[in-house]
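The following pair of complexes shares a single chain, chain A, combined with chain B in the former and chain C in the latter.
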Partner chain A sequence: MGMPSIVSTTALDKRFGGIVATQHVDLDIPEGELRCIIGPNGAGKSTLFALLCGIHAPDSGHIFLKDRDITALPSFRRVRLGLGLTFQTNRAFHDLTVRQNLEAPFRLPRGGRSSTSEERYQYALSTFGLDTTSDVPARELPHHRLQWLEIAMVLAGGPEVLLLDEPTAGLSPEETLQTARVLRHLNDDGLTIIVVEHDIAFVREVAERVTVLHQGAIFAEGTVADITAHDDVRRIYLGQA
Partner chain B sequence: MEEFGLVISVVYQFGTNAAFLLLCALGLIVILGMMNIINLAHGELMMMGAYTASLSYQAGLPFPVCVAVSFLVVGFVGAVFERLVVRRFYGRELSALVVTWGISLLLSQGTLMVFGPFLPSIPIPGGSLDVGAYSLSVYWLILIAVSIAVVVALAWLYNRTTFGLHARATMQDAAMARALGVNTGRIYMLTFSLGAGLAGFSGALLAPTASIMPFMGQQFVAPAFITVVVGGAANVIAGAVGSSVLLSLVRTPVGFYLGAFLGLVALLLAALIIIRLMPNGVSAALLRWSDRRAQSG
Partner chain C sequence: MKYLALLTGPEDIGQSRLFWIVFVLLVLNFVLGPLWMSEFEASNVSYYLLNLPMALGLCLLWGYCGVLSFGQVAYFGIAGYLYGIIAGNMRGDPWGPLLGEVGGLAACAVVSAIFGYFMFYARVQRWIVPILTLVLALLLETFLGQTAGYQWRVGSVQLGGYNGMTGIPWFQLGDFTFFGYSFYYYVVLLVLVSYLGCRALVNSHHGKVMLAMREDPLRTELLGYDIRARQLAVFVIAGVLAGLSGLLYVQWGNYITPSQLGLVQAALPVIWVAVGGRSKLLAVAISAYALNWITYSLSSAGNQYALVIIGGLLVVVMLFFPDGIVVTLARNMNRQALTRLLRRPGRS
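Right after this comes the complex of A and B.
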């Protein structure tokens, strides 16, 4: 692709007891790409996500962020190095106000956000309609706003890579589309985004390249068109969706 | 003049009762209220504060400095316990309860072995103030002021500072806080250490009013737990203030007319009734009340 990779893994293995969750995953995400990681239930998507963000440690293999080996780093250190994470279930702090949630991050580099990060953050705030001065407790927001709040919270930290686990879970088709548009725009602006996703409509909307996981291993990789045309992929995944 | 003296005296009694409950509860507000650890070593941490104060007072330090030393020493001990022991039991409330009970036995028996059955007491600083036929202790007036000041400082720390925001975020959802770059291990250690330090601070402040013995902590444990539990978890600081005020409103008149013992009985009864009526504590009731007001207004 020409661009140097910003996130990569080599031969990532993880077992839980006798169950192989990921095997020999070699992932290579060039800077500025929007990559979707898809696969049927139990394919190892969530495990891969957990390995990338440091919730689990791999049994073997390495994870690199900007050429630095982060395999042994706890998640908050990875975040401080430029990784931004959101989880599958909404994790905005319900008992804090919207303002406090947005102030909460956290890995702000000394001197605040860079001008690019600030632009991305402001863009997300205005598109999602979030008010940084709101003293409404987050628990009173509707689900889709909570989901958007979480994305904005992560952008508030000025990440260089966004790692999202099913960002559209529980959203309506219009809200999904809106989320897709924002991610698309952020990516056009140069932000690298990795999305673990189940919703194929969303994937079609946003992704350049798609990595398909199956039984813990990379099964196929290519453009959305390649992947959706791939017979085996249709058989293991799309056919069931 | 006689009636004026009576009013002042009842208000003073109320103030000392509420300040005593608040001082007992200070460290527990942080450790039980925020971290949800049932810290049975709370009384022993207060005892350590009293011991540190007594020893440094005997060494010739002025009393206010002794109190500051107690805060730092017991805070440090708390940090060590968190690192070595308590850390392994987050999210396992019953295990944490047993472990902190173990720590409490270790501390009280260890103190008995090292320092013997008692230490010289600290004379009560400040004199007394006569209002009509009643006399008020200046030191207790200072304690009332200090307990208010510390609660205000604690509320400021948790609501207005970055540390407070990170601590509240960590207590609500540690994984999400880490995902935003917070070093949650450090936050846990600092929070526990702060709670322990506050217990030591209160122990030192109450030391002149008590006998300094290895098992002195036990007298503080029940009032501390009652204050924090009656206060509830919705907003621990406001809850502890609310519950200490409410409980003292019951205890003071009963104690005044029927004697201190029945005053204590009334306090326990009041705690039972409040928990029966407001199962989630005073602060949850306050929160509901303010939500309703906001909606109707």
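Right after this comes the complex of A and C.
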């Protein structure tokens, strides 16, 4: 059934000294899905993203993007193959202008870009209200627009898989809702999205399936309804929230 | 049109029509200079100008790319010495100096590429780069300093230890030798081409990526760039530009000593760049010219304290204009022009 997987990992292990950050993670994301990853602080969510993007190398295990083993590839190659990441703490270029931020991403020459990725980028620019010619320094933007700016920068590169690490941290409920709508729209349009998120309201709003990480391992996986009804998940995670 | 946009683009000071009018007048002023300058004065102006390529290269590297090199003089020296060796051994051959020039610049490209490869591909931390680059310059200085004996010669050219290499040939193309006014024009042309080339570079797409790398290398890599290769490319460009200054220097004065690669000389380019403002090429060009003029005038008037004065100037500038004098002035001028434009007659 279902779509072939676009991102998958097999038995991914990562330790930092004595700390186990991920253990035996077998992730499998079908093409076109919007997956939420939840889990308590220190569960290994950001580390998993860092492994997917090549910021850290795993101690063992493999990472596949569209059936290609990318475990040994440097970050920029993975990005050019279709991964895009926004960081947990905003990393738009704060001392550059909005224009400079949006000019920075690697983009194929105009003829080589797919029209869908171009449309997604233009859609994000207009719904987020970002002006590619603005000479306002990014640091003068309010926090939510900085978050949106970083998402737009990543979309400029035309990714096929968007990895967002807590994109709504620090956003108001309305801003969170607006972000959720944009992500829903992009996903309906075919973009695969993986979101690390603490905000359960947000998860309910956007996700089809949820993966729960706990102490570096996949603890549970299922639909939002399954997960929120799961007693152990409530105990380790929702109970604390 | 596309090429013109590279020159007038937003990543350096000066986009307005007025700016370009002033710029063209300034260039004309240099071109017509010999009408009112004696050959001696023209030679002095050549000297103030010849360090600009090194300063502009450091500006690209430090101001635009965020990588501070404290050892650009290493390339200055490599090109200068190699030119001396090649042209000196080919004395009498009308194309010897050109070969020396090409050889000197090629050596700078090769050495900076190898050295930069080990730094950037090993992903050394940014703060180590100034130390490593300075060490290379000081190693070269020390090595050249002990080449005083007669055994230290290459072909017919003596390296000369701390007394330096003397009698380095003028630049020459075929039968035409450049000195006095013709050398002046040759310097003006090369400096202008260096400046416009750097300006086109920072306004190109690669220039935008340089700014991103300066701000956040990891974020930039995760926007799809091999930042190692891109930093290396800028490092090589800066090395070749420093080499160009070294060439012009030995062609101007016909000698070079190891102290040109020493600690004091190594600090000067950093000062020129910091005083004008490292984030803009034009600011660096102006301050490099002005500071070379001041240093030269002071020391040729017999003043022992030229370097102390330049150092003092650096301290004052860093305290009151941390972004550099020219950059701060340009920014304020822009702001005033903007408010004047935005202020409607009724509201003021």
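The rule we apply is simple: the second predicted complex is superposed on the first by the 236 of 241 C-alpha atoms of A that agree within 3 Å, B and C clash if a C-alpha of one lies under 4 Å from a C-alpha of the other, contacts with A are read in each partner's own complex, and residues count from 1 in each chain.
In the analysis below, a contact is a pair of C-beta atoms (placed from the backbone, for glycine too) under 8 Å apart; a residue touches a chain by one contact, two chains touch by 3 or more.
Keep in mind the model is a prediction, meaning the values are calculated, not measured.
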Could you look at A:Ala217 and tell me whether it touches chain B, chain C, both or neither (first, second, both, neither)?
neither
Request  = Could you look at A:Val20 and tell me whether it touches chain B, chain C, both or neither (first, second, both, neither)?
outcome  = neither
Go through the superposed model and pick first if A:Leu177 touches only chain B, second if only chain C, both, or neither.
neither
- prompt: Which partner does A:Leu73 contact after superposing on A: first (chain B), second (chain C), both, neither?
  reply: neither
Quick check for you: in the superposed arrangement, does A:Leu85 touch first (chain B), second (chain C), both or neither? both
Item to complete: Check the residue A:Ala169 against both partner chains and state whether it touches chain B (first), chain C (second), both, or neither.
Response: neither
Chain A positions within both the chain B interface and the chain C interface are 53, 55, 74-76, 79-80, 85, 87, 91, 93-96, 100, 103-106, 153-154, 157
Chain A contacts chain B in the complex at 53-55, 74-76, 79-80, 85-87, 91-96, 100, 103-107, 153-154, 157
In the complex, chain B touches chain A at residues 165-166, 168-169, 172-173, 175-185
The answer for chain C against chain A in the complex is residues 10, 205, 208-209, 211-212, 215-216, 218-227
Residue positions on chain A within touch of chain C in the complex are 53, 55, 74-76, 79-80, 84-85, 87, 91, 93-96, 99-100, 103-106, 135, 153-154, 157
